[in-house]
Every structure is written in C-alpha cells, then in structure tokens.
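Labels for the chains are A, B and C, by order of writing; each one numbers its residues from 1.
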Amino acid sequence: MTQSEQESGASATSMTLEPLIVLDGVNKWFGDLHVLRDINLTVGKGEVVVVIGPSGSGKSTLCRAINRLETIDQGSITLDGRALPQEGKALAALRAEVGMVFQSFNLFSHKTILENVTLGPIKVRGRSRVEAEKRGRALLDRVGVAHQADKYPAQLSGGQQQRVAIARALAMEPKAMLFDEPTSALDPEMIKEVLDVMVDLAERGMTMIVVTHEMGFARTAGNRVVFMADGAIVEENTPAQFFTNPESDRAKDFLGKILKH
Amino acid sequence: MQDVFNQFDLVLKAFWLTIQLFLLSGVCSLLLGVLLAGMRVGPVSVLRGAAAVYVTVIRNTPLLMIFIFVFVAAPRLDVNFDFLTKGVIALTIYTSAFVCEAIRSGINSVPLGQAEAARSIGLTFIGSMREVILPQAFRATMPPLASVLIALLKNTSVGAAFGLLEATARMRFFTNNNADDRMLIFLTFAAGYVVLVELLSFGASRLERKWRVAVR
Amino acid sequence: MRFTKTKAVLAGLTLAATAACGGNAGSDSGGGADVQVKKDAASAFPAGTRMKELADAGKITIGVKFDQPGLGFKGAADDAPSGFDVEMAKILAASLGIDAKNITWKETISDNREPFLQSGEVDLVLATYSITPERRKVVGQAGPYYLTGQQLLVKKGSAIKSVADIKGKEVCSVTGSTSLDNVEKKGARPRGFDTYSECRDQVLDGTVGAMTTDGSILLGYAAQNPDELEVVGEPFSEERYGVGYNKDRPEMCKWISDELKTSFDDGNWKKAFDATLGKSGAQAPQAPALDPCPTA
C-alpha cells in the first residue's frame, strides 16, 4: 500500500467526521530503535479505531504518545485542534480530556474503589465530593461494580479492577478514550465482562483508540482497523475489509497466525 | 544524685528543649525533605540536579560542621537568629537530606503505573505526588524514616556545645557539680533518651501497622 | 646543680623565643619562674610513696588546660603549654627532680579532670581546678594556690556593667561549668559552648551579651583583644584553684602543700604569676592560705 493510498483510505472513513486526534509525521526512537516511523493518523469524533499488530510493533507506544506518557522526537500530535503541550498544567488539562486504560489497571492501591473514581473529578475538575460520589457510583453501577465501592483495589478480581479503571477514566468526561491492551492481563473468563463495557461505550459514541489482540472486538465495535508492524502503519481499513481481504503481506501473515486456531 | 532530684524541674526543662528541637526540626525536615525528594524525582532537570547536589553535600558533611557553620560562621556574615531557631536550622539542613533519600527510596518503590494513571486523569506533577505517590511512598518509607527521626532525636544533643541547654548540656552541669555521682547522673539522662526513642519507635510501628492494614 | 640550672634557664629561653615567634598574645608567658630542679630528689622520699615512684621514673604526666591564655594555653605552633598553672606544675615537678622537658603535658577539659586522675592517665591536674566538696569526694585536691572569682567579659561599651545587669541576657561559658550554673541562678539565659574561645567568639559577634568564668581566665582573653573586649564588675564568686591528685595516694597532699608553701615563701610563686597572669597588668595578690591535708 502506497503512502497516497494510505491517506485516501484514512480520509475515506474520517472524511465525514470532524477530526479529533491527528498525528502528523510522528517519529520516535528508543536509542537506536526506531519505534514509531512516520505515523500519520487521523481519528474522527465518535470513531472507534482498533490498533493491532505483532508485539513490538509500536502500537502501545503510539497509544501512550497520544496523551504524552511517551514523548515524541518528530512530528506533531493535536487533540481537537490543539497541539499537545510540553509539560505542566496545560498538559495535565489535556490529559484530563483523554481517558486512558492500562493493561495492568493501575488503580490507586491506597484508595477505595469509589475514591479511585472520584479523585480526578474532585481534584482536577473541582467537583464537590457529594456530586463526584453520586456520579462515581452511577459509573460504577454502569460498569457493574457498584457493590464493591468501598473495597480496596487489591480485593477485586482483575476484570472488576479493569472495569473500575474504565469508570475512573469516564468520570473525567473525556473527549476520547485510549485503551492500551486492556484485556491482555486478564484471565480468559474475565475478558468478556471488560469487552462488554467497551462495546457499550462504543455504541454510546465515545471516540476510542483501542490497542488489542481481541479480533472479535475489532470486528464488532471497530470503525477502522490500523495494522502496525515495525513501528509503521502498514495498513488501514474497515474491519470487514481487513479481516476478509487484507492487502499487505505482513497483515496476511499476522492474521494467518492468529486466526488459525 | 540528690542534686538531680532536688532540681528535677531543670531536668524536665532540659528534656523539653530536646523535645522542642526534635519536633520543630522534625517537621521542618519532613517538609524540606519531601520538597527535595519531589525535586529529585520531578520533571525539571535543574531542580533534579540542585536537589542531588544538596543531598550529596549535606549527607557527606558532619553534623558538627553544619552547627559550626550556622552558629559561628553565619553570624559573622550577619546572618543570625535566636538560639532555638539556629538549632532547628542546623538540624533541618542536615536531617532533610536523609529524609529526602528515605522518601525517594519510598517513591521508587511505588510502581510507575501509579504515576502514569495519576497523570492520565489530569493530575499535575505536584497533584499526583500529593494524592497518589507520596501517600503510598510514605508507607514504604516508614521504617527508614523512623531511623532518620531517631537519629535526629539523638542529634539534638550536638546543640549542647552551641548554647542550647537541652538534656545533654544539663547533664554536663550535673556531672560537673557532682563529680562523685557521674555514673548515676549519666544513666539517668541516658534513660530519658531511651524513653523518648522508644516512644518514637512505638509510634512509628503503630503507624506502619495501621497503614499496612489499610492496603492489606 | 649548675648544669641542671642552666638547662632550666635554657628551656625557659626557648619557650620565650617560641612564644615571641608565634606572636600569639596568649602564649607569651614563657620565661617563668627560675626554678631549680632538685638533684637526688628520689632519696628524699620514703619508699612506697607516689613521689618516690615518680622521682625514680624521672618523668611525670600533668593535666593542664590548653585553651586558657595566662593559665594553661597551647597555641597551634607551640611545643609546650604555658601559663600560671603550667609554671606551678613545673615547680612541683622540679621538687621531684624532674626537668620541664620530662613532663608530659596532657590537655584536660572541665569534664575529664576527675576521670583522668582516677584512671591514672595523669599524675597531677593543674587546670583552673576549683576546690569543691563534691570533687574532694572522688579525687584529692591540695591547695589552694590561687584565688579568683567569677567575672564578666563583654564587648567594650556594653550595657552590661556588672552582674546586676545580666538578668534575662544571654551569657555564655563552657557547657556544664559552675560559672554558667551561677549566672543561670542569677537570672541570665545560659549558653554553653565546648570551649572558651567559641564562647568568646559569640561575644565578639554580638550573639551573646557576655562571657563568664573565672576573672583570671577572662583577663587572658581581654589581653588578647584589648580593643574590643573588657572585663567588668566585681567578682561574684570565690574560686580556689587546687592541685588535683589521685585519692588513692593521699601521701601526695602533704608533698604538694609543702612545695606550694615553699614557693609562696621563696618568691617562685610570685615569679610564676608575674611571668604569666601578671602580664595583663595585674599585681600579684597575697598568697592564699592552704587547706590542711585530710588526716589519713
């Protein structure tokens, strides 16, 4: 797939949508290792983009670069028309607009489940405790862990913790959500409960970038699949096209390996 | 020994000064130590470097030299305060470097993911330190911090040579006036220190246990 | 006789020369008394006495202060300490037939005088060592050989003119000293330091209002810094300097007392004073009356 085809493919899906996240010519190196190569990606409002690819392909780094948990060496990333600030308060404000869900949940281990969900709204958004707790409980109810509100994270199963992590991100009322392999650390029986929450989110129109190995989720909830290998975007397409008729050899090879079983 | 019991109010007064020195410089050292630790793990490289230099210089300087600096050198440069303040300054300069390192080791024991999660909900560096990192770091920090505070309590005795009439200075009055009872007087004052240190250790272990229960 | 006398004079001259070169006001107390080292001293003491042992050994260790100009002071460049206490120590040693160069000088501070005597680390202590009943319970103290009293050293022009003015003021001395205890009882805020010179520095930089200890010591500091410092007020305590010895050797008391008495009578005591404390302009006082030795 050539550069121009890639761009036209991307615009085909996001043309009708207002662009929310735009990556332009992004490059990043870890020492000699070129982990992101000339990444151009536009995600429109309400779009669900699923990033897949073999491990070490740079998909997690891409995801983390969008809220600047990783810095980039070249290119630009803009959110809703504004460039990512360097550091400090402006960056913090931007991060509040982008929810992030980690592979290892990263719930605040010294705070209760409810406190995990209310910390951001109270400290960052300046909401009152009563208001934040009311909304927090509603969100916990929505992800199905309302009855665990007063427990500590270590007392919950992995699937429950990850659902709390999603609720924690949603409590900030973000413009977009980033999922960095949200189900990779979960036991198989817990994966579905997390994916269900994510599908529900997608159906409600949340803009999402999801790095995952869950092909089922990509098919059902994704608007677009981005396939990465060796730090570069190799192929972008609708899920239907990508899974039935991948264009690049790398994608065919990758799909061949994971879909055989 | 009779002399000591007849003037026990002087003993108590001296230990009260010891406690004042400990509490005031303890609080100041904790504040300054947290600030230094924040600088050392923070995003601003100039502050990181400054804090690292401070810790390296102070940790490798004998406490006595810092006292001499504050009590003898600084007044000649027209930097002078009352005696208690000077004592607190000298002890804080010294102790804060150790507090910084204890807290830094605690911060390093908090998984990186906690900091990332804190930042990803929009907390600033200071906010994530205060709300997420430090509360967890303090737990891991409690045992080394307790040692630092115990050392501080005993270090207050250096003030005896710098005009501060705390427990050790008072002991020297009694031993000088009662040459026949030196050993008993010494043991009496040593017992006072033991009681204070034991109280401190007890408090620290209680806190540690309480916090451990909270996270299980 | 003649030979040893020459040596003693030579030693005195050398000391004076060293002091002159050092240029330190505190150590210019060389010369000292013209003391004759007793020949065949050992035969004068009965067997089994400590004096006999020391005379036989031909050497003695004496504890003196190293930081008190005029009494016991050793500058950084000095080989041996100098001062009134040191001169008196030489007189005692000479009576045992021990030459000044065979005396080992050991610095004693206020805190370690009794332990040094008890452990035998020093044979005698002449270190501004006030005689007190408490001290006499653990060590022997013969004398007194000098009387002084506590006074105040202040910056010239200070509002503190006498002990009546120190109430509520910060007054420094050596941590744990009797002098500091006394001013505390008189309402001053006591500030203890490790050495007299640190305390003097606090007076100089204005951190404390006055320094207090025995007038004899203060005179030495005032003499070092006559433009900035002065001694004010009448003495408000009586200190009686004695010679410390190990209580287990009570026979030493009579020997020390006899030799002190001799020095009072033959003028050596006055010579020692004139060569040291007298340099600040003070006249030699009347020789004090000696306490009787405890009856064994």
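Here is the rule we use: a contact is a pair of C-beta atoms (placed from the backbone, for glycine too) under 8 Å apart; a residue touches a chain by one contact, two chains touch by 3 or more.
It should be emphasised that the depicted structure is a prediction, and the values quoted were computed from it without experimental measurement.
Undergrad: Both subunit B and subunit C are touched by which chains?
TA: Touching subunit B as well as subunit C, we find no chain at all.
Undergrad: With chain centres defined as mean CA positions, report which chain is farthest from subunit B.
TA: For subunit B, the chain whose C-alpha mean is farthest off is A.
Undergrad: Could you name the chain whose CA centroid falls nearest to the centroid of all protein CA atoms?
TA: Answer for the innermost chain: B.
Undergrad: How big is the gap, in whole Å, between where the Cα atoms of subunit B centre and where those of subunit C centre?
TA: Taking the mean C-alpha position of each chain, the two centres sit 41 Å apart.
Undergrad: Using the average of all C-alpha atoms in each chain as its centre, how far is it in Å between subunit A and subunit B?
TA: Going by mean C-alpha positions, subunit A sits 45 Å from subunit B.
Undergrad: Suppose each chain is reduced to the average of its Cα coordinates; what separation in Å results between subunit A and subunit C?
TA: Going by mean C-alpha positions, subunit A sits 85 Å from subunit C.
Undergrad: Which stretch or stretches of subunit B touch subunit A in the complex?
TA: Interface residues on the subunit B side: 43, 111, 113-114, 116-125, 127, 131-132, 135-136, 139, 214-216.
Undergrad: In their complex, what parts of subunit B are in touch with subunit C?
TA: Per the stated touch rule, the residues are 71-72, 75-76, 80, 83, 160-165, 169, 171-173, 175-180, 182.
Undergrad: Where on subunit C does subunit B make contact in their complex?
TA: These residues of subunit C touch subunit B: 110-111, 114-115, 132, 134-135, 137-139, 170, 172, 175-178, 180-181, 190-194, 198, 201-202, 205-208.
Undergrad: What residues of subunit A sit close enough to touch subunit B in their complex?
TA: Its residues touching subunit B are 67, 69, 87-89, 92-100, 102, 104, 106-110, 119-120, 123-125, 152, 154-155, 165, 168-169, 171-172.
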